[in-house]
Structures are given as structure tokens and as C-alpha cells.
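Once you scroll down, you'll see the structures, which are given as C-alpha cells.
In what follows, subunit A forms one complex with subunit B and a second complex with subunit C.
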Partner chain A sequence: MSYHLMDYFAFFLPVVLIIYQLVPQRFRPVALLMANYAFFYMISGPLVVYMLFSTIFTHYIGLWLENVSLTAEVEGKALIMKKRKVLVFGIAISLGILGVLKYFNFFGQTVADVLALFQVNFVYEPIRFMVPIGISFYTLQMISYITDVYRGTQKAEHNLLKIALYLSFFPTIMEGPICRYAQVGEELYAGRSITFENLKFGYQRIVWGLFKKIVIADRLYATVSHVFDNYRDLDGSVIAFGVVCYTVQLYMEFSGCMDIIIASGEIFGVKLPENFRQPFAAKDASEFWRRWHITLGTFFKDYIFYSISLAKPVKNLAKKVKEKLGRNVSKFVGPTIALFGVWSCNGLWHGANWTFIFYGMYYFVLIFIENITEEPVQKLAQKWNINRESSGYRMFQAIKMFFIINIGELFFRANTLQDGFAMLGKIVTDFHISELLGKLSSLKMDVADLVVVAIGIVVVAIVGSLHERETKIREEIAKWVLPVRWGMWYAAILAVIMLGAYGTGYSIVEMIYAGY
Partner chain B sequence: MDRVKKIAGGTIFLSGLVLILILLSALMTPRGEVYNIIDVEKKTSYFSKEAKDTIDVIIIGDSETYSAFNPLQMWKEQGITSYVCGTHAQRLCDTLSILETSLETQSPELVVLETNCLFRYAGVKPELSDRTLYEVSQYLPVFKYHNRWKQAFSVMNPTEQKKLEKEHLRKGFKLRTDVVPYTGGEWMNESDKRKAFGEKAEEYLTKIYELCKKQDIELVLVTTPAPDNWTYAKHNSVSDWADENDVKYLDMNLNVNEIQIDWAKDTRDGGDHLNFTGAKKLTAYFGSYLKDNFDLTDHRQDEIYSSWNEDLKNCGMKF
Partner chain C sequence: MNELLEILEEIQPGVDYENCTTLIDDHILDSFSILSLVSEIEDAFDIEVLPAELIPENFNSAESLWNMILRLRGEA
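Moving on to the complex of A and B:
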């Protein structure tokens, strides 16, 4: 079961919607919870016990934290320390499960590799863990809830059903978005009736998500796999083409699935947070991450960046640096250490692989450079009279970001870190554009595919620029006269059906982020 | 009132969509039961370019066929006209479809069926990853055949066109010179085990057999040497069927020494498929087998077949 399959949007979702609508409002949360667990069970089978445990555990930690505050005989720092112990315990267990299931083998192998450097013969036999679907996503939701209760920004929830709905909502379980309890907890429990408007707008957005996923992203899958698996035999220009294809594939796939997910929530009357906001319009790496996988970025900002930068040892270090090197240097100490923490976690979160860790460090270095050069660049621009809002400067930024994003995705997708460097090396030293033009047909892609992908990208770019101007496209279309409006939606649906890369000759491409 | 209007509007919209899909289904559905419509149509469209009633042997099956049988070599050595109608991972439903279309323009003496495809699912059903899509496509075949529009674009791809033209010139043979040796040991250890045919395979095999019988064509089963995918258990199952139906069966896995296959040089992927040098040896052997066992005419001196000599000159292969 995946969100882009008919099994989901043409069978599971409609069946759940009908049952949900038919049952009385007070039973709807229970109906929704049963749908969530059925969905989870269909993908992960008996591993649903992980979800059950996580729900009860999260609920319990929330109550424990509340209890500590209410019954504590101590105040001030002593109370905080007491609560902190509960918080650390809650996070340690949540992360512990995730860590064992996802990273145990990685660390085992790393230990073996390090020992080998010292000529110690230790062979690590990997353990085959069964990993429940969505654990990377719902674990972060557990942590955010526990931390918010600890910080006092969220009241502990007494109703177990509400926590259960929050952690297991079926549209979000596979790929996020990573929600906060305050954003969706009450809406999920409200059991609102499904309105015609929500149903209509929801399915319209599902069609749009399918267009991005099935028509564009899945059409690029074979080419991307071919290039990344056989780069040794390919020219640098062909590799560069494959890397750009991957960037497009990843964006169309992840943002397309996110459209389907957010639309599913919308039908239930649940407003899920957006995860993408035209990332390719970003002016620099920091802005890119405020537009790409937004809920992951805000999670790291709220729960890691601030936690580290406001931690006492970091503050003390900044103070010492200020005394020795002055304010101009010390102001970077806290943010840089926090930034390092954020990007280490970001890399590791994507998976137990050096490529992801490198990917995290890549953005750490880039954003660090941006931070320390921002002021000098601003001064230089003023001195040389460069208008940073001019179209020429914007073009320069767009080209810069094109390279930054694609190099990052190259390492993100590379099979190993060595492969990533070898691919980048070939792009730089062995680039012959004529090779690319001659090889297009052998790249698992024909003219028809290229035409469809190109048109698809143009359509997505136009829609993106409208979103950038904050145009509410579906609402605008709803104002059109009926024949034009219906004609538009028929064309959109038929585009997905006729141009979709599915069926014979195409393999079903699983959602990339569902694997993280 | 507003609610009724909305429900009526939604119903009309969906009915209109279903109507459009029914019309598109009628437009896109090919005749017969086909799984990989794109490959089947590509193959039959090129095959139909062969002069009417000039092909004596149709060789059909999956990738084993176009990797192992070289019709122009067989022409040069034996004067037999043959054509490889095999396609990648061919299912038997597609084998039957290609054969039915092929027999509209040709009246061959033999149909040679390579047996590797007997051990995979043989029907039109797509992979079951999306059950709803499968069910819907039963009623609205546009979901199954929507990709047919791509063929209209194939003329715009000169490189692809050139490749297909070359393949047609070589009568369906694909020239592959890569070498990845097979390093495993003996794979045909005699045993009594049987490996069951793929689901629906026997049903389609019987249909193919009956079609050939009806058209007075002899069906021959052959297996190309492939240690990577063949076993004695598979051999036994094919032998059983061939004996039951009085069909000739040649398993060349048992004759590799006679064919002089060198697994260090003659396979392109570690023993799954033969490469050009392997195909050269196998074709020489198989050509003699056909000559010795069937009453096939040597057309080399026949003016009508002079284009075969032209093709031989232009094929870019040396035997």
C-alpha cells in the first residue's frame, strides 16, 4: 500500500471516508483510529505492536511530566531537573527503539571497520531487524509532544485516543509531514463531517500529486537508476544529466506524495502542515531548507538547534571566545555548534549510510559559510553598488543554487560515498556534451518520455510561480464557468491516466521517503 | 437544494469521466489478449515487413531467442529462412498473440519455441502490487493499454528507429559482444525432479500447439544453454509435456560440449544469455539440427530470396 496506488486513493481512502461519514460523530475518532491501525497492519503486519507501545508510552510520559509538576515538593531548578529526567527517559526510549532498528548494523559495521584499521580481526554479522513503517516520522512526533509538555507549551493529554490518533494518522504515517500535537491533535479527534468542498478540493489536490509522482517522477526512475548504478561506464555529461533527473524525481515524488497526503487530511477536515514551498526559488542554502521538507527543518530548529544553542556549556564557551576573540567571532559559536548538531541529525535521520552523513555535513558547511559571509557580502555589495534584488543577481543566485542542490542530491542518492566522489570527479574531468546527445536513447528514456517530463516540469513551474504569488489555484479554478472548469479537471485526470508511467514496461516505484 | 445540486453535479462529472474512459478504452485496446502491448506491436510491425510467405522457421520466446539464434547465419550456412520473434521477458500470452499476427502473412514450416518462458506467469494479468488498478483495468482497459500513445512518438526517435531497423535487418537477432564468464559448475545433474510450469503456461502452450496444428505447422521446443536459469527439473517437465503431445524437444543444455560452448567467452551475463560468439556456435549446431531433422528447403539459389543475401552483406556481422 502506497499513497500513489489506486489501492489507496480509489479504494482504501473512499472506503474509510464512507464508514467515517456513516458512523455518528462521537464514534468517528474510533473509526479513524481503526482505519489507521488497519493501514499500518496492511504494511507492517504484527509490527503494529511498536505503534501500540509508542502510543501508550508517549501518553504515559506526558502524564508523568504533568504529575511531576503538580505533585512536586520542590520548585525552580530542582523541579526542572526532575522533569528533565523524565524527558530524557522518554526521549531515550523513543530514540533507543529507532536507533536499534535503524542504526545498530551501521554502528556494528563501523566498529568493525575501525578495529580493522588497528589490525583487529572482528567480523560483524548484520542482524536483520524488521522495521515498522514510518518509525522515523512518528518517533519525531513522539519527541516533539514529550518536549512540548516538558517545556509547558503543550498541556499533557489525558485522552489516550487523542495521542493514538496523533501518532498513527494513516495519511501521514509513511512520509510525514511531521506534525505537532497542537497542530492536529484536536482536529483529528473532532470527528467533523466530510464536506462536499473538502472532498472536491481534496481529490483535486490528489490528482495534482499523482501528476507529479506518476507522470514525472516515476518516468525518470529507470534513467536515474541506470546512471547511478552504471556511472563507471558513462561520460560525465550523462552522469550530470542523471543527477539533475534525480533532483527532479525526488522533488516531484516527495512533494507529489505530500500533496496526496495533505489532501487526504483536508478531506477529513484536518489541516496538515505544508512540507514544500517552491524550494528551487531559494536564494541560498538556508532558504532552501526553509522551503524543502519544511516540517523536518522546523523540528530540528525547535528541538535541536535551540536546545543546543541555549545549553549552558555552549553559552559558557561563547562567553570565553568573546573574552579572547571579541563579539564578532563569539556570536557564531553557539549557532555553529547548534548547526553542526542539526545537520548531523539531519544526515543520520535519513538513514544509516555515510552518504547521508556527508549530505548533512555538506549543508552544515554551506550554511556555516553563508552565515559568516553574509555581513561581508552585504558590505561589498553596498560598496560596489550591486543591487542584490536585481534580476542579474537573482540569476546568479539561481545558478549557484542549481549547482548546490544538485551536488547535494548526487551524494544523497549515490550508492556509496566513494561512488559519489567518483561521479562528481567524472562530471568535472570527463564532460563531453556530445556524448549525452548521442546516448539519450540508451538511457532508458525515449523522446516521448523526454517530452512528457519537459511539459510536466513546465506545468509544475507555472503552478509553483502562482503559489509563490500566493494565488489559491483551486479556489480560482472553482470560479471559472462550468464547461471550462470541468474541461480542465477532465484534462488533468486524463493526463495522469494516459501519461502516467505505470503498468507494463514500468515497475511500481515505491515512495523514496517511506524508506527513511 | 444546494446539496442536491452538488450531488447531481458530482454524479454527472463522474459519469462523464467514466464515459470518456470507456471511449478511450475502446480506442486503445488491441485485439487479443496481450500483456506487453508495446513490445508485441513493435515486433509484429517489423515482422510484417518480411515478404509474404518467405519465412520457413519462426523462432519465438524470451530474450534467450534473440541472444542465441542468428537467422542470417542460418541462411548463410543452411539456406533456411528464419526470423526471431522473441521479446524481452516474453509471456506466453504475448507469444500466442505474436504468433497469431505472424501467421497472417507467413506460412512457416516450423515454429520453434524457446522454453525459458514456460516457467514464468503466462497470462495478461499485471504484477499484483496494485490490486485496484488491476480490477479497474478489467473493465476499463485504457488503464492497461494507456502507454500505446508512445508508439506515435517512436518515429521521432531516429536512434531508436535505427536500432530497430538494424535488428529487423538481422531478422530479430540482437548483436551483443559483452563477455561476463559463467564460473559455476555443472548445472544439468540428472534427477527425477520436476519443476512446475508458470501459472497459465500450460494453458497457453496448448493454445499455441493447437494453433500450429490447425495451420499444419510443426511446433518444436528448444532450450538454449543457460546455466543461470536452467535445471534438470525444468528439462524433465518440458520433456514430459513434449512426450505427451508428441512434440520434438531439443535441450541444448545437454549438448554444450558438442556445441563447444566456452563459458569463459560465450556468455554476456554469467550464464543467463549467450553473446555473439556463443550464438555463432549455437546457430551452427541448431542449423544442422534443423537440416537433419526437418524437410526444409535450401533457398540460397532462389531469386525470390535474393534480398537475404543483401541483408547478409549489410548486417555488420561475420560468421
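Moving on to the complex of A and C:
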């Protein structure tokens, strides 16, 4: 079961919607919960017990934190310390389960590798863990809820059913978005009737998501796999082409699935947070991460960046630096330490692999450089009369971001870190554009594929630029006269059916982020 | 309040702090500026700002910032 397959949007989702609509409103939350657990069970089988435990545990920690606040005979810092112990326990258990299932083998092997450097013979035998679907996503939701209750920005929820719905909502379980309880908790429990408006707009967005996923992303899958698995035999220009294809594939696939997910929520009357906002329009790396996988970025900002920056030892260090080196230097101390924490976590969150850790460090270094050079660049621009809003400067930023994003994705997708460096090396030192033009046919891609992908990218770019201008496209289309409107939607559905990369000659491409 | 406006002006000059109510929503103050601001107001007003306070409602305008400072000083 995956969101882009018929099993989901043509069978599971409609069946759940019909049952949900038929049962009385007060039973709808229970019906939705049963659908959530059925969905989870269809993918992860008996591992559904992890979800069950996580739900009860999260609920319990919330109540415990509330109880500490209500019954404590102390206040002020002593109360905070008492609550902090509960918070640390809650986060430790949540992260502990994730850590063992996802990272135990990685750390075991790393220990063996380090010991080998000291001539210590230690062979690590990997343990095969069964990992439940979506654990990386729902664990972050557990942590956000527990932390919000600790901070007092969220009341502890007494109703276990509400917490269960929040952690297991089936459209979000595989790929997020990472929601906050305050955003969706009450809407999930409301059991609102499905309106024709929501159903219509929801399925329209599902078609759009399928277009991005099946027509564009999946068409690039074979080429990308071929290039990343056989780069040693390929010219740098071909590798560069494969890397760009991967960036397009990842964006179309992840944002396309996100369209299907958010649309599914919309049909139930649940407004899920957006995860993408035209990331390729970003002017710098910081902005890129405010537009790409937004809910992961805001999670790290709210729960790691600020927590580390405002931690006592970090503040004290910043004060000492301020006394010795002045404010211009000290202002970078806290944020830089926090940034390092954020990007270490970001890399590790994507998986137990050095490529992901490098990917995190890559963005840490880039954003650090952006932060410390912002003021000097601004002064230089003023001195040299460079208009940073001019189209020329914007073009320079777009080219810079093209390289930054693609180099990052190269390491993100590379099979190993060594492969990533070798691929980058070949792009820099062995680049002959004539090789690319002559080899297109051997890249598991024909002219028709190229044309479809190119047109698809143009369509997505036009829609993106309309979104950037805050145009509500579906609402605008709804105002068109009926024949044109229906003609447009039939064309969209036909485009997915006729141009989709499925059937003979194509294999089903699993969702990339469902593996994280 | 004047002291707060001076701090804001020092951290991010050229903003109409007396009237702007979207300092966070419009990304006028980014994460770095917020942390510099927190450090300055902690020293200037002898308060401790916890992560829970770092929400747009507290940082979107000079007035909301001032209200947070008064609250943390126990004057509101």
C-alpha cells in the first residue's frame, strides 16, 4: 500500500470515506482510528504494537507532566526541574525505540570500524530489526506533543482517542507532514461530514500529486538508478545529468505524495500543514530549508535550535566570548552550536548512513557561511552599488542555488560517501558534454521520456509561480465555465493515465521518504 | 519601551518597530536575530527567556515583546 497506487486512492481511501460518512458523527473518530490501524497493519503487520505502545506512552507522559504541575509543592525553577525529569524520560524512551530500531547496527558497525583502526579485532554481526512504517515521523510528533505540554504551550490531552488519532492518521503515517497536536488534534476528532467541496478539491489535488509522482518522478527512476549504480563507467556530464534528474525526481516524488496526503486530510476536513513552498525559488540555503520539507525544518528549529541556543552552558559561553571578543563575534556562538546540533540530527534522521550525516554537515557549513558573511556581503553590495533585488543578482543566486542543491542531493542519493566524492570528482575533472548527447539513448530514457519530463517540469514551474503569487488555483479553475473546467480536469486525469510511468517496461517505484 | 526599541534598532536597523506587527510572519527577524534579541533583553531587563516563549505571538511586534518582558519580570 502506497499513496500513489490505485490500492490507496481508488480503493482504501474511498472505502474509508464511505464508512466514515455513513456512521453517526460521534462514532466517526473511532471509525477513523480503525482505518488508521488497518492501514498500519496492512503495511507493518503485528508491528502495530509499536504504534499502540507509543500512543499509550505519549498520553501517559502528558498526564504525568500535568500532574507534576498540579500537585507539586514547589514552584519556579524547582518545578521546572521536576517537569524536566519527566520530559527527559519521555523523550529518552521515544528516541530510544527509534534509536535501537534504526541506528543500532550503524553504531555497532562504526564501533567495529573504529576498533579496527586500533588493531582490535571485533566483528559486528548486524541484528535484523523489523521497523514499523513511519516511526521516524510519528516519533517526532510524540516528542513535539510531550515538549509542548512540558513548555505549557499545549494542555495535556485526557482523551486517549485524540492522541491515538494524532499519532496514527493514515494519510500522514508514511511520509508526514510532521504535525503539531495543536494543528490537527481537534480536527481529527471532530468527525465532520465530508462535504462535496472538500471531496472535489481533495481529489483534484490527488490527481495533481499523481501527475508529479507517476508522470515525472517515476519516469526518471531508471535513469537515476543507472547513473548512481554505474557512475564509474560514465562521463562526468552523464553523471551530472543523472544528479539533476535525481533532484527533479526527489522533489516531484516527495511533493507529489505530499499533495496526495494533504488532499486526503482535506477531504476529512483536516488541514494538514504544507511541506513545500517552491523550494527552487530560494535565494540561499537557509531559505531553501524554509521551503523544503518545511515541517521537519520547523520541528528542528522549535525543539532543537532554540533549546540548544537558550541552554545555560551555551548562553554562558556566549557571554564569555562577548566579554573577550565583543558582540559581533558572540552573537554567532549560540546559533552556531545549535545549528551543528540541528544539522547533525537532520542528517541522522534521514537514516543510518554516512551519506546522510555528510548531507547534514554540508548544509551546516553552508548556512554557517551564509550567516557570518551576510553583513560583509551587504556592505560590499552597498559599496559597489549592487542591487541585490535586480534580475541579474537574482540570476546569480539561482545559479548558485542550482549547484548547492544538486551537490547536496548527489551525496544524499550516493550509495556510499566514497561514491559521492568519486561522482563529484568525475563531474569536475571528466566532463565532456558531447558524451551526454551521444549517450542519452543508453540512459534508460528515450526522447518521449525526455519530452514528457520537460513538459511536466514546465507545468509544475508555472503552477509553482502561480502559488508564489498566492493564487488559489483550484478555486480559480472552479470559476471557469463548465465545459472548459471539466475539459481541464479530464485532460489532467488522462495525462496521468496515458503518460504515467507504469505498466509494461516500468516497475512500481516505492516512495523515497517512506523509507526514512 | 524605549530601551527595547533601541535594542531592536541595533539588531536589525531600518524597521518601523513602533508600527510593525509582523516581525516574525514577514521574516523581518530571523532565528539569529531572535537569539541576539533574547540575549540582549535578558541582560538589559534581568529576565530569563525560556524556549517556550519563542513563539510568533511574543515576537511579532515591539509591543508584544514588551508585554512578554513585563510578564517575565512579574509586572504584568
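Keep this in mind: the second predicted complex is superposed on the first by the 516 of 516 C-alpha atoms of A that agree within 3 Å, B and C clash if a C-alpha of one lies under 4 Å from a C-alpha of the other, contacts with A are read in each partner's own complex, and residues count from 1 in each chain.
FYI, contacts are C-beta pairs under 8 Å (C-beta built on N, C-alpha and C of every residue); 3 or more make two chains touch, one makes a residue touch a chain.
Given the structure is predicted, the values throughout are model-derived calculations rather than measurements.
> With both structures lined up on subunit A, is it a clash or a fit for subunit B and subunit C?
fit
> In the superposed arrangement, does A:Trp486 touch subunit B (first), subunit C (second), both or neither?
Touch partner of A:Trp486: subunit B, not subunit C.
> Tell me which partner A:Gly265 touches in the superposition: subunit B (first), subunit C (second), both or neither.
neither
> Hey, is it subunit B or subunit C that touches more of subunit A?
After superposing on chain A, more of subunit A is contacted by B.
> Once the structures are superposed on A, label A:Lys315 by its partner contacts, choosing first (subunit B), second (subunit C), both or neither.
So A:Lys315 only meets subunit C here.
> Could you look at A:Ala10 and tell me whether it touches subunit B, subunit C, both or neither (first, second, both, neither)?
Touch partner of A:Ala10: subunit B, not subunit C.
> Classify the contacts of A:Asp446 with the two partner chains as first (subunit B alone), second (subunit C alone), both, or neither.
A:Asp446: touches subunit B, not subunit C.
> Which holds for A:Pro29: it touches subunit B only (first), subunit C only (second), both, or neither?
In the superposed model, A:Pro29 contacts neither subunit B nor subunit C.
> Quick one: minimum Cα-Cα distance, subunit B versus subunit C, in the superposed arrangement, integer Å.
Across the overlay, subunit B reaches subunit C at a minimum of 38 Å between C-alpha atoms.
> In the complex formed with subunit B, which residues of subunit A make contact?
5-7, 10-11, 196, 200, 438, 440-442, 446-449, 451, 486, 489-490, 493-494, 497-500, 502-508
> Show which residues of subunit C lie in contact with subunit A when the two form their complex.
By the definition above, subunit C touches subunit A via 27, 30-32, 35-36, 38-39, 42, 49-52, 54-55.
> Note which residues of subunit A are touching subunit C in the complex, please.
So the residues of subunit A touching subunit C come out as 151-153, 286, 290, 301-302, 305-307, 309-310, 315, 318, 330-332, 334-335, 371.
> Which subunit B residues qualify as touching subunit A in the complex?
3, 6-7, 10, 13, 16-17, 20-21, 24, 35-39, 126-127, 129-133, 136-137, 142-144, 146-147, 149-150, 152-154, 156-157, 159-160, 163
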